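Heads up, the next two complexes both have chain A, just with different partners, chain B and then chain C.
Our next item is the complex of A and B:
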């Protein structure tokens, strides 16, 4: 089973919502990740057949289904909002797509409904109406509705985004593995890097209606090919610092470190540092030191986010383990191991080097 | 009937008595609302250590004064009329509940009551489904949505007596387009001034024409609040148009339809101006609704005692039926 998007473009009110998408999705799960307005929902609606593309084709199992109405396609959709029929019980909600599918044998409906409900952990709620359920239970019902009928293409559009974080983590754990052996194509979109990394499925990074990169989420996290990919996959957000290449070294805010693979003297670069790689203790020989002023310390329990103000008025966030107390206004020194710095080309956003091992000679 | 005390009491007072019903329904609801909130306030004040500043009462005062002058005092005047036989301002006899007994036993009042009830039932049965159908078929967005809204809302902007005049002419067999068309094209003999069925149909159609848009607008607002994904989900399931309506749109309309049914019941049960203009309650008594009969007794015959008793009974019926509607509608399906 495959789903192919071939040169798909969508323009709405003169704006390109999808700008030339060429992707092939195999059976099983694929994660789509991208920031707000990246085109995730539009891509899913095109794949489902809810939105006709301005140009391009949607091919399922080698068959061009672009003109086929959504009613005749074998798709299921889970929305960010909890979409269930308000007047029907959970049981009837799960059963409705089965009853409407002509191909599904009537005598199997009851067995299938109970099976899926059990799988989603709502087996004891079958008699209730959606309004009598919590948000997490409502979304479990919506997912069960989508899972009940075997479909070619199952689309989940940020299904956990509207849940509070405890329910989100629990449901994320439940969902992991549920789609791994799925015979159909499962697309799961999210804006949360933790979800993409947890599912460890093939991942497509979207941004501004284009495919930024596709591959393994963990690989992309470790060696982000572009600044956009690094930013999308970093939560908390990536710290960005300006730098200049000079004689095989990179200079940044008064410090410098060797970057043997990076060519072109005088070239401007952007340095990306994840907050958890910033420390306020000396990290070892060769560590970069940035004098700064403490602005704010956010204590979340297991970690403390320390907001630092650099001399050029730039902000730098350090994620420190444990609960730490700081006094705003006091000076501090931010230490960064250059081995954990990503160097991006300022012009193109491509990764030039992680300074421990250069990426390649290009650029 | 006795109690003709014309001298000293101006017709304006009587008119207030006749128009009392409308104002009072709202006041009744407001008072009921206040009563419902009272227990909560009581609980909160048990361990209350906040500083008290009773000057806030001055903020409520304007409302209290205006409600007193527009609702409470006129209502009490009606109560006063209803228990007395008034011959002149200085010559009045307390008669207790005699007028209430008389009015309740009056066959003319009973017939008008049944007539009004039947009219309201027909109005609800026609206007609610029609209004919902209209709302469902109106475009959800785009330039046509605004155009449809304006066209649908048009009848609502026309004053009652003008609506009556429009229909009085429209339904005439000789010069009215509607009446002439019915007489000529299917060849039915239609004359609302002679035939009581024709008169009834004319008044009913007029109300449907005038007020279905209100139901449609309320329902349209309810439908617009349904997020698109619901319709997409139904499409993906392959649900039919009827199933989409039954399981997505209708449940979401419960709230607005409750309001629409209450408004249309109260309003149609108290209909006065339009039938007064079109048929004057005739032919015979065919379209003589409670309000028309009441104004005949109060203003025409100046029987203030029976009219007061009639007003209060009328008011009570509207209150009770509205309460029953509200309770039933909000409890079903919960």
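Our next item is the complex of A and C:
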């Protein structure tokens, strides 16, 4: 089973929503990740047949299905909002696609409904209506409905985004592995890097209606090919600092460190530092030290996010382990190990080096 | 809020609640008394009605006035006319407004904005202003003294409200719910019938209730449009002429009025429970 998007473009009200999408999805799960308005939902709607593309083709199993209406296609869709049929019971919700599929034997409906309900952990809620369920149970119902009938293309559009933290963790764990051996194509979109990294499935990074990069999520996390990919896969957000290349070194806010691999004197670069790589204690020799002022400390329990103000009024966030108390206004020193600094070209956003010492592919 | 309404919690809260309840009871009494008086009078024998000292309830209840009202000339004809005109107008308005509301809430088309404005404007116009134009139209199309014309008029005056109300109910159903049905394999019509229509039940109940009350009680148009053929009149007009029919027989008049009010009450009691239940069952969360 394959799903191919071939030169897909979508324009809505004069705005390009998707631009030149060429992707081939194999059987099993693929994660789509991108920030808000990246085009994830649009791509999924095109793949489902809910939105006709302005240009391009959708090919399933070698057959061009672009002109085929959604109801004639073998697809299932799970929405970010918990979409079920409010007037039907959970049982009837799950049975709905089975009853409508001519090929599905009528006598198997009951067995299949109970099977997927059990799988999604809602076996004892079959008699209820969606309005009588919690958000998590509603979304489990929607997913069960999508799983009930075997389909060529299963689309899950940020299914966990509207759930609270605990339910999200739980359902994510349940979903992990569920689609790995799936004979059909499963597309799972998310804005949460943790989901992409947890599922460890082939991952496509979308941004502004284009494919930013495709590959393995963990590889992209370790070695983001562009600033956009790094930003998409970093949560908490990546710290960005300005730098200039000068004689084999990079200067940044009054400090400098050697970067022999980065060429071009006077070239402007952007340094990306993940918050957990910023410390307020000396980590080792050769670390970069930025004098700073403490602005705010957000304590989440296991982690403290310390917001620092650098000399030229740039913000830097440090993710520190444990609960730590700080007084706003007090001075501090931010320590960054140059080995954990991504160096991006300011002009194109391409990665020049994953650490100061390394030669980047485009250097 | 819930904990504060627990009885006997705080004297100030309790006093406030007593005051509110008293006010509610007073308002209810003022509103219900005329209706009650109609009922009570209909059951009182003539002597009790004429008595110098009015009694609050019938001491010797009788059904003789109902017999007189039902037996009066043309009662059943008028009753049938009223029912036919009302039912036809309501059903017609529901069918047309359901389609219009769907077009307005779900589809994008040229002129959609102006159409909505026009529907609202039509709803604003006082019906009385249309009496003369309607009379002229009926006269020129030779539809005076016709129940079809009357049905058309009631359809016209209930349609804008019905469209606006159903549009609101439709807009409250996420388009994704309908889309999900398409993904499951429904046709657009089946998707509407299977998943959207049940959610519109409260809206359909509310609008048909409004249409029923409006058409059933309407007096001005029928008075203007039915002029010669007495057999085409409806209950409100007949009731207004009770003095001619019954002389000063107040008992029979009140019995007739009760019989006139009864269908509206029954329809209301029947539908209002459904409206409430439908709203809970159809609630869309998230």
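Everything below uses one rule, namely that the second predicted complex is superposed on the first by the 357 of 363 C-alpha atoms of A that agree within 3 Å, B and C clash if a C-alpha of one lies under 4 Å from a C-alpha of the other, contacts with A are read in each partner's own complex, and residues count from 1 in each chain.
One rule holds for everything that comes next: a residue touches a chain if its C-beta (ideal position, glycine included) is under 8 Å from a C-beta of that chain, and two chains touch if they have at least 3 such contacts.
In this text the structure is predicted, and so the values were computed from the model without any measurement.
Engineer: Based on the shared chain A superposition, would you classify chain B and chain C as clashing or fitting together?
Structural biologist: clash
Engineer: Counting touched residues of chain A, say whether chain B or chain C comes out ahead.
Structural biologist: C
Engineer: Return first, second, both or neither, reflecting whether A:178 touches chain B, chain C, both chains, or no partner chain.
Structural biologist: Neither partner.
Engineer: Does the superposition put A:37 against chain B (first), chain C (second), both, or neither?
Structural biologist: Once the two structures are laid over each other on A, A:37 reaches no partner at all.
Engineer: Going by the contact rule set out at the top, does A:310 touch chain B (first), chain C (second), both, or neither?
Structural biologist: Touch partners of A:310: none, neither chain B nor chain C.
Engineer: Touching A:135, do we find chain B (first), chain C (second), both, or neither?
Structural biologist: second
Engineer: Classify the contacts of A:244 with the two partner chains as first (chain B alone), second (chain C alone), both, or neither.
Structural biologist: neither
Engineer: Examine A:339 and indicate which partner it touches, taking first as chain B and second as chain C; both and neither are also allowed.
Structural biologist: neither
Engineer: Which chain A residues contact chain B in one complex and chain C in the other?
Structural biologist: 48, 50, 70-72, 75-77, 79, 81, 83, 85-88, 96-97, 100-101
Engineer: Tell me, which parts of chain B touch chain A in their complex?
Structural biologist: Going through chain B, the ones touching chain A are 227, 229-230, 232-233, 235-239, 246-248, 250-252, 333.
Engineer: Write out the stretch or stretches of chain A touching chain B in their complex.
Structural biologist: These residues of chain A touch chain B: 45, 48, 50, 70-72, 75-77, 79, 81, 83, 85-88, 96-97, 100-101.
Engineer: For a test of understanding, state which residues of chain A touch chain C in their complex under the given definition.
Structural biologist: 48, 50, 69-72, 75-77, 79, 81-88, 96-97, 100-101, 129-131, 135, 138, 145, 162
Engineer: Which residues of chain C touch chain A once you look at their complex with the stated criterion?
Structural biologist: Contacts found on chain C: 174, 176-177, 179-187, 194-195, 198-199, 280-286.
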